[in-house]
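Next come the structures, one after another.
Here chain A shows up in two complexes: once beside chain B, once beside chain C.
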Partner chain A sequence: MGLIEIAAAKALASSAVFLFFTLLVMAAAKRISTCIVMFSVQSAIMAAEILAVAYANKSAEAYTIAALVIVVKVLAIPYLLFRIVRNLKASQDVASSTTGAQSVFIMVGLILLSFFAVAPYARTLRVDEDMLAASIALLLAGAFLMVSRKKALMQVIGLLILENGILLAALTTIFGMPLVIEIGIFFDLLMGVFLMGLFVFRIRDTFEHLDVSKLRRLRG
Partner chain B sequence: MNPAIDLIQSLLLVAIAPLVSGVIARLKAQMQNRRGASVLRPYADLLKLFRKHDMAPDTASWLFRFAPAALFAVTVTAAAFVPVLHASALFGVGGDFILLVYLLAFGRFFLMLGAMDGGSSFGGLGASREALVSALAEAPLLLALTSVAILTHSISVAGIVLFTLQQHPFQLSAVFVFALGALVLVAIAETGRIPVDNPSSHLELTMIHEAMVLEYSGASLALIEWASSIKLTLILALLIGVFAPWGMAAGASLVALALAPLFFALKLAALTIAIAVLESSIAKLRMYQVPDFLGMASALAILAVAFTALMR
Partner chain C sequence: MTLVLLLLVPFLAALLVLTCKESRRAVLVAMSAGAIEGAAIVNAVWRILAAGALQCGQYLRADGLTAFFLLNVGVILALVLTYSIGYLRHIPAGRFSSPRWFYSLTFLFVFTIMAVFLSANLGMLWICVESTTLASALLVGFYNTKGAVEAGWKYLVVCTVGIAFALFGTIALYLAAVRSGVNPASALDWTVLMNAAPSFGVTRDLVKLSFVFVAVGYGTKIGFVPMHSWLPDAHAEAPTPISALLSAVLLNCAMYALLRFDTITSHAIGGEFSHTLLLIFGGLSVTVAALLMVVQRDLKRLLAYSSIEHMGIVAIGIGVGGPLGLFGALLHTFNHSIAKSLMFFTSGNVRESFGTLRMRRIHGMARSMPWTSAGLVVGSLAIVGMPPFGLFISEFMILTAAFGASRYLIAILLLVSLSVVFGALLHHFQRMLAGKRTDVPAKLKLLPSDFAVMGVCTALLLLFGVHIPGMFAFLLQRALVVLQ
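Right after this comes the complex of A and B.
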């Protein structure tokens, strides 16, 4: 049993690194489906993190939140997004306005920035600096993906990453928000993805493309 | 006894290199529903080429003949710095990971000189492409190895391998993940595999390595081909040694030494299968995309170095 426990402890201690890795892959990704898979992986890492907090604090609420994360973020939302991508029959390209290397460099910069940003707070709050930095990095990365990718679907994915960052920040600083609020957020997200899906279809039907940088004029 | 083992493992690396190329070619052929040549085919090719007449263009100088020999010598020297079976190297000195990087660059320098001396336009074309790729691959390779050196508190390749070998796999810092990512990307570019270069293509628009060796024949070509397969095996052995050395012998115990080749063969087989799958499943990048590919490796390597200070 010892080996598995060591492995689990190590995996949790280095989960920040794996979160960073998913962000870097998303920055390098050229296809929307890669980003969706990475979002699912990212949410699975978060679920493991929440399970660990639940186990350590023996809190039933945290177990519920972990189950919700797995059902909603690891399975339901990626499935919905995949369905949208399949039904759109549009190109898979994320239509980035920066090249792959530039995106990865910017992402690296954001990750380093988040470390410097949280350093003073991590010391006073006595929380894990890596995880707090990871949550800020998720926020920044989500915002960066939203502004730099022109496909409407990438805006949805950017928002979801941003939300993952908020969840992680709450988890590391105050061990998660109250259950009612969490459930509300998950419901919001699911509805948001539904609505954005419909919206994306409308954009495609009206403008015959998904490039948000070209949405300049009103059309009936 | 140790120098003897070190000598044997360096010679082993040189000797099995054509076999590794043969296995990759065979696996790729089978994945593409072809039967493929025997895995020993590269040896037969080398033997055939060594027996053939070595032609040189009229315009070529002594450099044309000198370059393949220099490339081979430098590559074999580089192979002597990489631990394979035993966590020590024939020529281990402090800071030799930097030397290793630049020995490989030196070999490439000779190959480019020889290609341009050949006088054909393809030689110059291939050399300029190779110069572009190698200039961009040098920084991430060096940075990734530097981050590994900082993490393992040692400045020689053998020291890095010995440190990692003595750690439990779960005791290693997670920062290794970034260094591994960067090194894998660089290794693809360095060894000229898909998606950076296609080793089995003779298409003018895309070839890098093949364009450089177009003018060579006979023993010179054999030396170049052998050197490039040694380089591939060397970089695979370096990846194995730095990131997964478990199974390698640390002391002079005979049992460990007897088991080490088995572990090495298993790990090498896993990597060759990975290369064959990768090369069969993805398309080659356009030449202008290669700097982008290596830029990602640079960013990863920079993050790896920064994280050695930021994370424990």
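Right after this comes the complex of A and C.
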């Protein structure tokens, strides 16, 4: 094994740490664009992970999935989100209902919680405990960002992080689903983001703001 | 080929109808596409009954259970398209809210629903259920008012998150199957899973975990309490034909997905676990929805909560299990969809005539619009489970099964909730129907098509209350064979 390969292997082995890092940055972020960049970075880490497996196993299917992640999650969706942010011409603030310090604190709590949650499963399934914990942490973090940030776009980003967590769970436990299904899921995700973007514009045009906590006409 | 046709017709119709600038042409295209789709469904059901199951390639499959639900879609689609002829007069010609867009999105929605029923693969099933949300979100927000946009956004976000949980559950089941020695390439196939299910014992915990996530995920789409928050908004704000389609087809569609998982889980680790979970969700939905129905102020929201209650009843039927419980549950999905469509259709007429759905502002309906009132009365008698209508029979079956299985608690809960619902509907409707009208409502002339849909719904409800046709009972038996 060459020096570069060893370095790459070391980096990948600790990629769960990088994922936690993106989550903490997102928790502290004040601007929507920071969260979009972090989402893109997070997807890139996962793509690197898949590429490593593809390289090790010489699996064409894994290369395809890696390409899909790069095209859809690292490039297309962040690009779409940035376009929406630019065209909205609204304030970039994430409008958090918790302060930055509180958010970071809660995020750390969620990461610890996910380690406790996966411990029994990781042993019986014989999979990498850090990665499985990272996937659950992504799930919880996505849900947390969705409930604590008031901007409509942040809900989309929260949802995407949640989806990333599910993808990571599938990758660490069984290395993904059959390719056709995987492609279908990516397609659905892309369409979903597209449609949510459409609704973000509609919310702005009809309500003249983007604060979903003020959407409370329908009650009871 | 039979199965591909079922998907091809609504897809092509969705594209074709967009080219029709005139609304009359759009109606014509939509009606003929609906007729072709209806014929295709009858053909498919017929062939499935003859052959047992049809398979087309690796990803399309139809068995007895599919056939039953396909028939359900066919009947409701025919009713909804016919009702839309009259309803469309009120759609203003906006940029994206003209009749052709309405029809195009509706057919796209039908296409995704058909795809759900025809998927042979649980991953594919997930993809299709998710696309039903995507296809119908624009329909929910169709009118672009504040309420509609809010409902559409809420629907899209809540259901997508819910469905994401179902994906997690699907992956867990896939993992369980692969760990039990099923070939990974086909470990999401329904038939393969059914055959291999008894050997999943070693991965018991995973199967349980998977069912919990799937029940929460698809349960969001079904509208189980406490994941129901999107449902009343979406049903109340969508155009009325779409409300009928959501309530009568989409909820059944999600229930179908959950039923598939329930069957596999019961085969793998015994029915106890999954059925208890369904009973809990069902009992919770029935009770909470019944209580919330008492305090509703908007007619369509009232109907939406009634849908939650009925999905709870179906879940109880499945949870009680046994041939009688399952038979009752399946029959109830069909009966409910007919009765609820009828009620949504009449509520659409009420809205056109009174200009509002606030039940406090509606008085003297019985005098000013006798036919619509008659429809509303028939629908509400049917929906609360009065004989001689179909829902009485299916609810009676589910209750009998519950008492037979010594599930006394759930049976009594169900009976009490049904009485609360009865009281709530009586309370709301007698105020609307009786009395003199205070303000003169706009004259609403019912078209022959409006009479036709109300007549057909009433006739079907009566028919199923008196006698289940032999062919239909045979179809139901075929569906039960799949589940056992």
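Rule of thumb we're sticking to: the second predicted complex is superposed on the first by the 216 of 220 C-alpha atoms of A that agree within 3 Å, B and C clash if a C-alpha of one lies under 4 Å from a C-alpha of the other, contacts with A are read in each partner's own complex, and residues count from 1 in each chain.
Basically, contacts are C-beta pairs under 8 Å (C-beta built on N, C-alpha and C of every residue); 3 or more make two chains touch, one makes a residue touch a chain.
The model shown is predicted, which means the values in this text are computed figures rather than measured ones.
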Fit or clash - chain C, chain B, common chain A: fit
Which superposed partner A:S14 touches (first chain B, second chain C, both, neither): first
Touched partner set for A:M191, first chain B, second chain C, both or neither: second
First, second, both or neither for A:A60, with chain B first and chain C second: neither
Touched partner set for A:F105, first chain B, second chain C, both or neither: first
Contacts of A:V147 with chain B and chain C, given as first, second, both or neither: neither
When both partners are placed on the shared chain, which of chain B and chain C touches more of chain A: C
For chain A as apex, the angle formed with chain B and chain C - C-alpha centres, to the nearest 10 degrees: 150
CA minimum distance (chain B, chain C), superposed complexes, angstrom: 24
Where chain A meets both chain C and chain B, residue numbers: none
Contact set on chain A toward chain B in their complex: 3, 6-7, 9-10, 13-14, 16-18, 20-21, 24, 28, 99-102, 104-105, 107-108, 111-112, 115, 130
Parts of chain B lying in touch with chain A, wherever the complex brings them together: 168, 170-171, 173-175, 177-178, 181, 291-296, 298-300, 302-303, 306-307, 310-311
Complex contacts: residues of chain C adjacent to chain A: 59, 121, 123-124, 126-127, 130-131, 134, 137-138, 141, 144-147, 149-154, 156-157, 160-161, 164, 167-168, 171, 174-175, 178-179, 184-185, 188, 205-206, 232-233, 236-237, 292, 295-297, 301
Chain A residues within the chain C interface of the complex: 121, 124-125, 139, 143, 146, 152, 155, 159, 162-163, 166, 169-170, 173-174, 177-178, 180-181, 184-185, 187-188, 191-192, 195-196, 198-199, 202-203, 206-207, 212, 215, 217-218, 220
